[in-house]
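Chain lettering (A, B and C) follows the sequence in which the chains are written, and residue indices restart at 1 in each chain.
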Amino acid sequence: MASKFTLSNRTGWLMAGPAIALIAGFVILPFFLAVGFSFTNQRLVSPNPAEFTGLANYRQLLGLGVLHLDPLKDAAGATVLDDQGQPKLPELRSITRKNPDYPQFDGMREWFSWSSGAGRTYVLASDVVFMKAIVNTVLFVIVVAPVQGGLALGLALLINQRLRGINVYRAIYFMPVVVSIVVVSLLWSFIYDEKQGILNNLLGALSFGALPRVDWLGNPATALASIIFMSIWQAVGFHMVIWLSGLQTISPTLYEAAAIEGSSKWQTFRYITWPGLKNTAILVLVVITMQAFGLFSQINVMTQGGPLDSTQTIVFQAVQRGYGKQDISGGSAISVILFVLVLSVSLIQRYLTRERN
Amino acid sequence: MAQTTPDNRGLRLVVRYTVLTLIAAIFSFPLIFMIMSSFKPAEQLLADAHTIRALLPIGDISLNNYFDAFKRAPVGLFVFNSVLVTSVTVVLSLALCSAAAFAFTFVQWKGRDLALTVILATLIVPFETIAIPLLLEASKLPWIGASGITYGWINSYRVQIVPFIADGLTIYLFVQYFKDLPGELIEAARVEGASWFAIYRRIVMPLSGPVLATAAILKFLAMYNQYLWPIMVTQEEQYRPVMVGLQYFFQLNRAWGEIMAYLSLITVPVLAFYLYLQKAFIASIASTGVKG
Amino acid sequence: MKHLKWSAATIALIGWGGMASATETLTMWYHGAGNEVESKIIHQIIDDFNASQKDWKVELQSFPQAAYNDSVTAGALAGNLPDILDVDGPNMPNWAWAGYMQPLTIDESKITGFLPGTKGMYNGKLYSIGLWDAAISLVTRKSILADLKLRTPTLDKPWSGDEFEAALKAAKASGKYKFALDLGTAWTGEWYPYAFSPFLQSFGGDIIDRTSYATAEKALNGDGAMAWGKWWQHLFKDGYAQAKQDGADRDNGFNTGEYAFSWNGNWAALGALKAYNDVVFLPAPDFGKGSKIGAASWQFGVSAKSAHPDGASKFIGFAIQDKYLAQFSNGIGLIPATTSAAAMVDNYKDGGPLSVFFAYSNKEGMVRPVTPGYVVESKVFEKAAGDIANGAEVGATLDAAVDEINADIKKNNGYAPH
């Protein structure tokens, strides 16, 4: 489209300028302030002036170490056994708490570990909670992005039929979207409740009592999955509508041509619908990914990151530190880490969905 | 389809409607629970919660929770504030963001690609992570009003509106949609001497029904459901929106009946807005359907 | 902002004409929005004060409690605080240290008879004063004690840790209760340190070393704390209490017979009295270092930015009259700050059904650590207590909590007063 007829610096800036100025003032500037805070020890409220601390916040958040411990030997060189007759390892806290021989591990905690040889290998982190938050957030994104996008497309195809009353169904599928996520989280807290929740009773009835009652949000094994399910339930209708508007942009004449040539439903989808949805697909994927990385409200209302950090997320940690613990510099560093992480992911996404000409 | 017998067709219809209805049940039951609960006294609400009774209007049904909710908090004021802040933001946002997206998609200008890249990068920044710096900034911003220049936007409608007018997501939505519009049409109009503004208004906007509806819904929801920011910037009750109002109901012993009534009340305006837009949405699709 | 400009104008006027009779407006923030009774009483006090003199006029801005602390922090960041602030007792040192509050200038004699937990002292100065205190007791029924053949503990001779253990065991063995003990784990946030750190203190541990306020080492991971952690974890592991409780169980569980004992505040006492005619409020068990409960509730103070600390202090001095203390107590069930006010309240006067709470507050009450770092320490403690309840390893969890608290103290240069 590069022609002299579409070239106009004045028009470009005139039409895009106001939006650019607002974004620069209310998103970019505060973000750079946050970047600045992350290199200091700035507190939310404090009479102490902030000091430049370099990368200290990042080191604290991302510090990792690997340690291998061998069983203890007694004076005779025999392996010491514990009460259960297992080889006894040195206490981890004797190494990570003010041990002058291991300054690199000071203040670190076990993130995870495995048996290796006669001993055990530990991966230590200076901020185990944050590590868990990263893992949970990434897990959430990996599950939610394809599942929600796929279900939304399925619903869009389902709802794109010419059927009497289809608009009613469309409105119903969309309804959860218009309800605030805070409200949704409150309602689902009821539904997931071990005793008072309708979900356990429903599953119990459907399985004739075979399924045991589960404390969905109180059990580290099910809490994140429960939040994933609810999040998809809430947002899938929105992406259904985006897919629908994409479907509407495909010319009916293409379908007519396909029908005349006698192509099967799958062929029609594969060779007409899907190629026509390319821009929509990129949009849906990008939007879901961005929103999923920002997972916060559900956590804040339903679990506060628990039980046992099984639902900690990056943004929840950023808020928890920045506001709750008044550590605005630590919270800001988390924001920057999140930014870099999502930026890398979206660059990869962009590379994978690039125009292949 | 031509070979399907009438019987077969009837059966298929039944299957289709059954599937559609089952899915509808999954999507609607929490909301039915909310609405039904709003008519029940708290003890009954909790006792009913784990059975099918939770979804039925049975037992001690009344509007008492609604009356109590209005007694506890100025619900009307909160809804008014939210609707005001939200609708002003939505209208301004659609205007500015579609104009920007138009410039990004159809006009060639210096700095365009860089500006678009930076704006798309802001999509990555969750609001929670910049709220505090934004508060520090907003508390120092100047404003020209009836009493001359004043500093500090705290406690106002503008502090709830202006920072949210332009955002990367809305611009991105428009850009992705505009890309599918026939660019030759715009170029042809330019060749024939149409002004940029005329092309924006007379060609592109009339074709943009679906994306306008989508962007409006998204913006409306984001604004209406704002919570963290209003808590930080509305110290006077007169400016508080619905989500801050929700906190009025979280006393030590939670009055769940009233909470359900309040939740139902604040959800209704959004549903109404959506149903209205859906009509516009479908109408616009019907009129612009053929393209590409 | 409005009132600041207005007061500046007034000051200019006074300077100009030397007339001092103008009425100054004082703004006040309070956490009671959404609570009808509380709002009514606070408005009454303000109306009475405004009518009682001509120099000052107090204007109230109410906030919902759940959002109050965030609002004040945001207000302080934005340089927008009122003259009179309402503050939760344990947060006061942080606000004073951060420079949002200034010491009160009310006559010491006015508060000599006040319950210790109502006086907000920091750095040897009075910053805030409460019209009431709150107290926790172990709620049960006489019939339950008789049924389980348990001795009735008294303030002078509370249950020992072993007796408490036996009581829980007996309640569980009876099979009559879903859980022996309702701890209120459904209430997150400040409830955890408020309600559960006194157990820790009774075991000989603490959230922080109170002699220096410079470290949590030994206090939160020493022998006392380890003993507390193991005991705390066994409550859940052995099925005496729920690590995750739903809100409805907390609100009504004891009153509908699901629990034998409930660890709950005096504000919930009226509900229990309504449900049963033989409710008793027992003192906290003594795990070795005495029987302890948390003290200090919401209090009034003056913001550091106030241009009229004299007026603000005058209002607070006015508000702490016995009749208002009594009104709050009648309205929302809190413990009046003075004996003379308690005598005016049916529930708290000598022989009243809640009078034991006054005694508990006076004798067992222990304020949470008086340090600006408490706002962080309380959250660290909350997480540690929650994790241990959910089965996390006690030693490692407490070590991590100590490290986090110490790192925070270091980041704040030891929270040295200014």
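One rule holds in what follows: a contact is a pair of C-beta atoms (placed from the backbone, for glycine too) under 8 Å apart; a residue touches a chain by one contact, two chains touch by 3 or more.
Remember, it's a predicted structure, so these values are computed and weren't measured experimentally.
Across the assembly, the chain pair joined by the most C-beta contact pairs is A-B. Taking the mean of each chain's C-alpha atoms, the chain whose centre lies closest to the overall C-alpha mean is A. With respect to chain A, maximal separation of chain centres occurs for C (centres as means of Cα atoms). Centre-to-centre separation between chain A and chain B, using Cα means, comes to 22 Å.
Chain centres here are Cα averages; for chain B and chain C they lie 39 Å apart. Between the Cα centres of chain A and chain C there is a gap of 36 Å.
In chain C, the residues that touch at least two other chains are 70, 77, 248. Residues of chain B in contact with two or more other chains: 46, 132, 136.
Each of residues 44, 193, 195-196, 323 in chain A touches at least two other chains.
Here chain C touches chain A in the complex through residues 70, 73, 76-77, 94, 97-100, 188, 243-244, 246, 248-249, 375-376, 379, 386-387, 390-392, 395-396, 399-400, 403, 407-408, 411-413, 418, going by the rule given at the top.
Within the complex formed with chain C, the residues of chain B that make contact are 43, 46, 71-73, 132, 135-136, 138-139, 150, 152, 154-155, 231-233, 235-237, 244, 247-254, 256.
Those residues of chain A lying in contact with chain C across their complex are 41, 43-48, 60, 92-93, 97, 107, 109-110, 128, 193-196, 215, 217-218, 220, 304, 306-309, 320, 323-327. Those residues of chain C that touch chain B in the shared complex are 1, 29, 33-36, 61-67, 70-71, 74-75, 77-80, 187, 247-248, 251-252, 267-268, 271. Contacts from chain B toward chain A in the complex involve residues 13, 16-17, 19-21, 23-24, 26-31, 33-34, 46, 49-52, 54, 96-97, 99-100, 102-104, 106-112, 115, 118-119, 121-126, 128-130, 132-134, 136-137, 162-169, 171-173, 176-177, 179-180, 183, 186-187, 190-191, 196, 200, 210-211, 213-214, 217-218, 221, 224-225, 227-228, 243, 246, 259, 263, 266-267, 270-271, 273-275, 278, 282, 285, 289-292.
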